[in-house]
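First the structure, in the form of structure tokens, and then the observations on it.
Labels run A, B, C, D and E following the written order; every chain starts at residue 1.
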Amino acid sequence: MVGGVGVVAQTELAQTLAQSGSSELGSYLPLVFLLALGALFAGVSATLGALVGPKRYNKAKLEAYECGIEPSPQPVVGGGRVPVAYYLTAMLFILFDIEMVFLYPFAVTADALGVFGLVEIVLFIATVGFAYAYVWRRGGLDWN
Amino acid sequence: MLALQPPTQAPIGAPEIEYSAILPILILLGAACAGVLVEAFVSKANRWAAQVTLSLLAIVAAGASFIFYVTDAPPQRGLTTLYRTIAVDRPALFLWGTLLALGLGAVLLIADRTVERGGAFVATAGIRPGTVQDRVQAQSGGMQTEVFPLTLFALSGMMIFCAANDLLTMFIALEVLSLPLYLMCGLARRRRLISQEAAVKYFLLGAFASAFFLYGLALLYGYAGSVKLADIANAAAGSAASDTLLFGGFGLLVVGLLFKASVGPFHAWTPDVYQGAPTPITAFMAACTKVAAFGGILRVLTVGFESTSWEWRGVLWVVAIASMVIGAVLGLTQTDVKRMLAYSSIAHAGFLLVGAIALGQEGLSGTLFYLLTYGFTTLAAFGVVSLVRDSAGEATHLSKWAGLAKRSPVLAAVFTFLLLAMAGIPLTSGFIGKFVVFQAGIQEGMTPLVVIALIASAVAAFFYLRVIVLMYFSDPAPDGPSVTVPGMFTTVAITLGVLVTLVLGLVPAFALDWASTGTFAF
Amino acid sequence: MTPTYYLLLSALLFTIGAVGVLVRRNAIVVFMCVELMLNAVNLTLVTFARINGSLDGQVMAFFVMVVAAAEVVVGLAIIMSIFRTRRTASVDDANLLKY
Amino acid sequence: MNTVPAPMAAGTSGSGAAFLLALLLLPLLGGIVVAFMKDDRMAKVTALTVSLIELVLVVPAWIAFVPNGSRIQLALSADWIPSFGVHFSLGIDGIALTMIALIGILTPIVIGGSWADKLPEGRGAAGFYSLLLVMQTGMVGVFAATDVFLFYVFFEAVLVPMYFLVGRFGGPRRQYAAMKFFLYSLLGGLVMLASVIGLFVVSKDYNGGVGTLDWQTLSNVMDQAPLSTQIWLFLGFFVAFAIKAPLVPLHTWLPDATAEAPIGTGVLLVGVLDKIGTFGFLRYCLPLFPAASKELAPLVLILSVLGLLYGAILATGQNDMKRLMAYISIAHFGFIGLGIFAFSTQSIAGSALYMVNHGLATGMLFLVVGMVIARGDSRLISDYGGLSKVTPLLAGLFLFGGLAALSLPGTNSFVSEFLVLVGSYPNAPVYAILGAVGMILAAAYVLWAYQRVFQGPVRGNALVSVAGGPGTATDPAKVGIKDLGVREKVVLAPLVILIIFLGFYPAPVLDVLQPTVDATLQSVGLADPVGGK
Amino acid sequence: MTRAELLADDPIWLILLKVLFIFLFALLTAMITVWAERRLIGRMQNRPGPNRVGPFGLLQPIADAIKMPFKEEVIPRTADKVTYRLAPVLALAPTLIGLSVMPFGGQVSIFGEQTVLQLVDLPVGVLVVLAASSVGVYGIVLAGWSSGTPYPLLGGLRSAAQVISYEIAMGLAIVAVILQTHSLSLGDIVDGQHGLWFGLSLFPAFIIYIIAMVGETNRAPFDLPEGESELVAGFHTEYSSMKFVIFYIAEYINMIVVSAMGATLFLGGYKAPWGIDQINNGYFNTGWWPMLWFIGKIGLALFFFIWIRGTLPRYRYDQFMKLGWKFLVPISLVFIVALTVVNVADQMTVTGWLIIGGFAVLLLIALVMMIPDRRDPRYGRVPMSGGSFPVPPIDLQIPSKPRRTKQARSRAGRRQTVAAGAKEGDDGVS
């Protein structure tokens, strides 16, 4: 059912593209082709390995790889513990990524905006800078 | 799309900004940023002092600039600034004044370190509750001083929220006020599990509600092609576009707003969060968020949707009734003071909504006045709650309040006065507040709603009375809590709340005049 | 091209998100459902921006993204803290606060 | 000379207004001072002094009042909340004057009567007397307010001290009683609030677009309001007043509150506080909503007569002396209601007079009952017997009070009850006859109670335990209780004198009341004596 | 006709042709790079490198490609099977996207069809590249997580943390370029580099980009997720056979993408190097020539990758993160502001200068404050021990035995009468 809807949508998309070449979405179509090709290649190769490769059962193979020592039972999926520092990095990334998201449109229109844009962006960067200084001083950027 | 714009377009100029009008907000935001820097660069030992000084100075400075602006005869109709996104009109100014005063009280409560050694906030929130480190830090005198900049951010968000003239600004302000609150809820020094749980609940439900608000915004944008309230009003007055978008958008938008104001069926978070959050934060939330949220509701309803009020008023009737009934009836069964006050706040939200949907000049001024009175009363009430303590921290269970009048007659008297104010007994501000709001309601032909509201307030009075009964007429429990002698900060905050409650009950005329001097500008 | 499809899609996504918030029990999943709702809104905004032929909707989408990011940061911090204590992110287990 | 033309301009005041203001503020100040006293005796003395000064202040007010002058006298008005047309306006008419005088008389008596009361453990006398005085301010305020808003404020404000008086100093079930009292009154009050607000909103239509809550203005314009509006507003006020002056279906709080309240508080409760309800009928329901009053009069009459009979019947079988007082009061309020809504000069004058007389007679009886209870340590009639042999004076005074309550000719109540019956017969003959039946029942319950307590063999737990064993105490000399002491005599004496004096010479009070009664009747639009439906 | 119009006119067969070309280009270059890396590293380390299969071992990658499918595929018991299989696809597929927006050259005629050597020239080309690389992170994280074992999980997390950290720096470096070109379209960016390449005119941004590009691709010296000594092979420890190969290819295609990106942004893209473009009125900038320059520049960048791998030792993780967050990010931000100031200097107003001045002062203050002070870093920290298991402090030092003073000894002596075991504490040193 879902697939059907998808097909319909795609046909329509293609029709639309055929009608208006200058449509913004139309220019993404080659990109979709490339993505599909890449995915196809990756998918096929991955399946290929599973199909062609030999199968020799050995219980030890199925255990986690821990350099040969007996793996300590430790649930990773579900209850696994992840060091907090990674969350911190993730959060920092989100913040700065968003900062970037604003810098790009600014960069594109920087000349049109002139001094006003400059002042705005300085204020913007300064604001993020406060948070940045806070994180820095509080050891958010330190890894042990 | 942005990239497609030819770079040769005309330079985009800076917007006209009426700095003197929005100076209070700018001061608060600046101070909040400075607070972040203080956190970064001031040594731990000095942080508390620095933050308290900074926060108090900022609020006082903002208040001073506010007073300066108001006394300097601003335009009677109000003005809009920053590309018409912020409207500095009379209602906004009234709410700003209210928020600044309430914020001052809340910051004082937050800053207090005498009631609980080291303040009501955890020293390091990152430490897991129940571990050895946690026990160590419970004894320490430290405090997560980030609370202060967070408070300032939230406060400035609230101020923007009630002055926002377009939905997007309103949404941003909504988040600026909410996000710090989510965090602050989870910072209680004692009972940290409950506190964290409150934070999670508040956050999840809050984010859920803001998604609703946002979807409403998007639909209205689709309807009117703009998110400016005035444009939406124009479009609603004469547009061929589908009403589905308009009313769908309106409904979703209002759900988000009502959630923030903890109205009626959208109140699910309120009791839990009020109970779990550190009491000063509860005070801040209960007082200031309510003011800001209803400020926003008033503006949206009045400016954006007055012309369609026939269509939606019935729905909000039901919401108001639901809120009053839920607050009043469920409040009866509560055994925890903070939860009880939470349900009381839900009931009050229903009363406020009566004024808000009355629209018009009287509804506006009545609701504004009610917000003023309720804010101060509830601020002081939570301040009092924070004083009643036993070995495990605050003794919020009602059974522990038995016979409190004997232990501390002054505290019991103050709390009784505040409860009577909430019940709407004359000679307190609560009565005048109810009077003006209900007057507006009847004026608009909503007599049945007002009668229901009055009955609900009678029911609500029952649970206020229960506390009074407990405090005065019961014999104190042998292992009951002690009443901490509050430090200067808490004393000032409570005194402020009580005084305002009393003064507005006796001579409300001046505040009523302020509240009714003007309407929304857009 | 009829933008109605995009509106329907975004409405569908929003609904999925909303239902997810209501029925799912894991705080993280609930939270992700909220994010889904926000992104559905973004889609709506951008579609309307195209219908209306103005850039406002796209700019708004930017703001929504920022807010979503801020929410992620705050929310993750809060959920993390409770998760580290309880070893579970189920909202059903968060039951200390009851009527 | 003291008249002020209506509507009053803000800030005006008659020369006698100062007395009124003093009457209002003195007890409040006294109450605040008393509240901070550590020493019980000191608190009592101060409270008594304040209440006596208050009583003295009533005299010039009475003198300043000109019976045939304008309706509201000693007026005083100041802006309070301009945006709602609310003024701080005081002023009195004849009825209010007599009620204020009654308060002035009863308060010192109550203080004297409570002098030796044992308060619940750990509760100081300062609080009790302070609350008593604060309540006095509230009560004076209720009667003196000429602004509906101000009236409402006092109406509700009185609840708070009363609530604490009952809940903090009352009997074993005081919490329940206090809560019940408060919630009933509050509910009524809030319903009335709806009407007050409605009144303000409606008045805009008839007062040139300006809303007002000034009583004089309202009473001039409100008769233009359509009947349906009037009925709704009337009902709001009526419910509140019917709860206050307990008309039958809304009366259940009174027996509880009376039974649990300390004696002194009980006297004020039934003697004065409940009069607010009947006063409200006269002052607000009738003049402001004349058409509705006429329309709904049968309903009120039915309720009144029901209350009259119901109170009397329940009083007859009552074993608890304090509850007995409550039911007697319910019966009497039925009478007053009957008188008011019978709409004739005599009946309304009788009711107004009855309000005073009931305060004196029931107050006296209540105090005597308190003295009995203080001696026998029980509220139950069945715990007593033969007391007249031990305490003849007490028995005599009980009988005297009881006879006053059942309106024996020669006592003050007789005059008023007679006026009510005579006045209401032409307009509402059936109700008047039923009222007369109530009178007969009154004789039954009073005398029966007297008989059980004071006649027969000496009984009573407290008495016997003192005397040394059940059934042994037949010799009065051996019973360890005494007859009335000096303090008790002093407390009761003024009441006895007043009851007898007004029984034979009610003219001074009636003269004051009559013009007000006429004015009230005129505002309903009924010419005397013919009228009714 | 503009670039966009030319591209829009592409018939479907041409599009498919270009797609195929890019796909093959990516795969082939990856294989060649693998070979070249092994050879070059070998030479740098004074060993031959692969030399058995084909001349100079040229066929080695092909041999490997044939060999790998026939290896057994082992999936750990604890793995989340669906995600485990999906992860490689997620890692590889998006990498190709990056290449789709790269301009390989200018206008040419293919089978009579006028077109541009570029698959699509999106107005948001730069964002597409960044987005594709972000999506690639999912592959890494999911691979690590779905393996269900500790090493891959940690490796995946590290890798993700690393990629996203350096993505910030990279993105900020690119902002500097966009400030000059006012367009996010890569074609416009190439066109914008008249004369001086951005690599020179925006030198700091270029340096930041180079460092970030290495970090972004998890390559040495920043190959921390795969630090054999710590985490075996990082996120793909549990992957074998073709699935492993896919990750491998993905990594190399990623290198190609960032190299191509770097070439486009900073090295003049497909334009001929300075000097050659002067020859014959810019003849070498027409026709198919630009493709040569472009591929050459990519090759140069790839060589650089290999070179530093052979040269530099691996970074420590904390140093690496520090470099990214505490050095590259602030420098980029300051550079952006400085660049903007220069760009609008002619229209600057007094207020503008004041604000910039204020900003500079703030910056200076912040810099001064950022100097770590010498206080005890453990100040105010709650002791770590006491949890579920004891954790010794990180900088654990065994305290040297304090020399006993006379007084202490006499006290100890007195105590001897009470505590019998006290004598055993004496080690006879004093």
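Heads up, the rule we're going with is that contacts are C-beta pairs under 8 Å (C-beta built on N, C-alpha and C of every residue); 3 or more make two chains touch, one makes a residue touch a chain.
Just so it is clear, the model here is predicted, and its values are computed rather than measured.
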Chains in simultaneous contact with chain B and chain E: A
Among all chain pairs, the one with the most C-beta contacts: A-E
Chain closest to the assembly centre - both centres taken as Cα means: B
From chain D, the most remote chain by mean C-alpha position: E
Euclidean distance of C-alpha centroids - chain A vs chain E, Å: 14
Inter-centroid spacing, chain D versus chain B (mean Cα positions, whole Å): 44
Geometric centre distance via CA averages, chain B-chain A, whole Å: 38
Residue numbers of chain A (touch at least two other chains): 24, 84, 90, 97, 105, 108-109, 111, 114, 117, 119, 133, 136-137
Junction residues of chain B - those touching two or more other chains: 1-3, 7, 40-41, 126
Sites on chain E at which at least two other chains make contact: 123, 182-184, 369
Complex contact set, residues of chain B against chain A: 1-3, 5, 7, 9-14, 33, 36-37, 39-41, 126
Partner chain B, residues of chain C touching it in the complex: 7, 14, 17-18, 21, 27, 30-31, 34, 37-38, 40-41, 44-45, 47-48, 51-52, 54-58, 60, 63-64, 67, 70-71, 74-75, 77-79, 81-82, 84-86, 91, 94, 96-97, 99
Partner chain B, residues of chain A touching it in the complex: 24, 84, 105, 108-109, 111-114, 116-117, 119, 127, 130-131, 133-134, 136-138
Touch list for chain A against partner chain C, complex: 9, 12-13, 16, 23, 25, 79, 84, 87, 90-91, 94-95, 97-98, 101-102, 105
Chain A residues touching chain E - in the complex, by the definition given at the top: 21-22, 24, 26-31, 33-35, 37-39, 41-43, 45-46, 48-50, 52-56, 61-67, 71, 74-77, 80, 82-83, 86, 89-90, 92-93, 96-97, 100, 103-104, 107-111, 114-115, 117-119, 121-123, 125-126, 129, 132-133, 136-137, 141-144
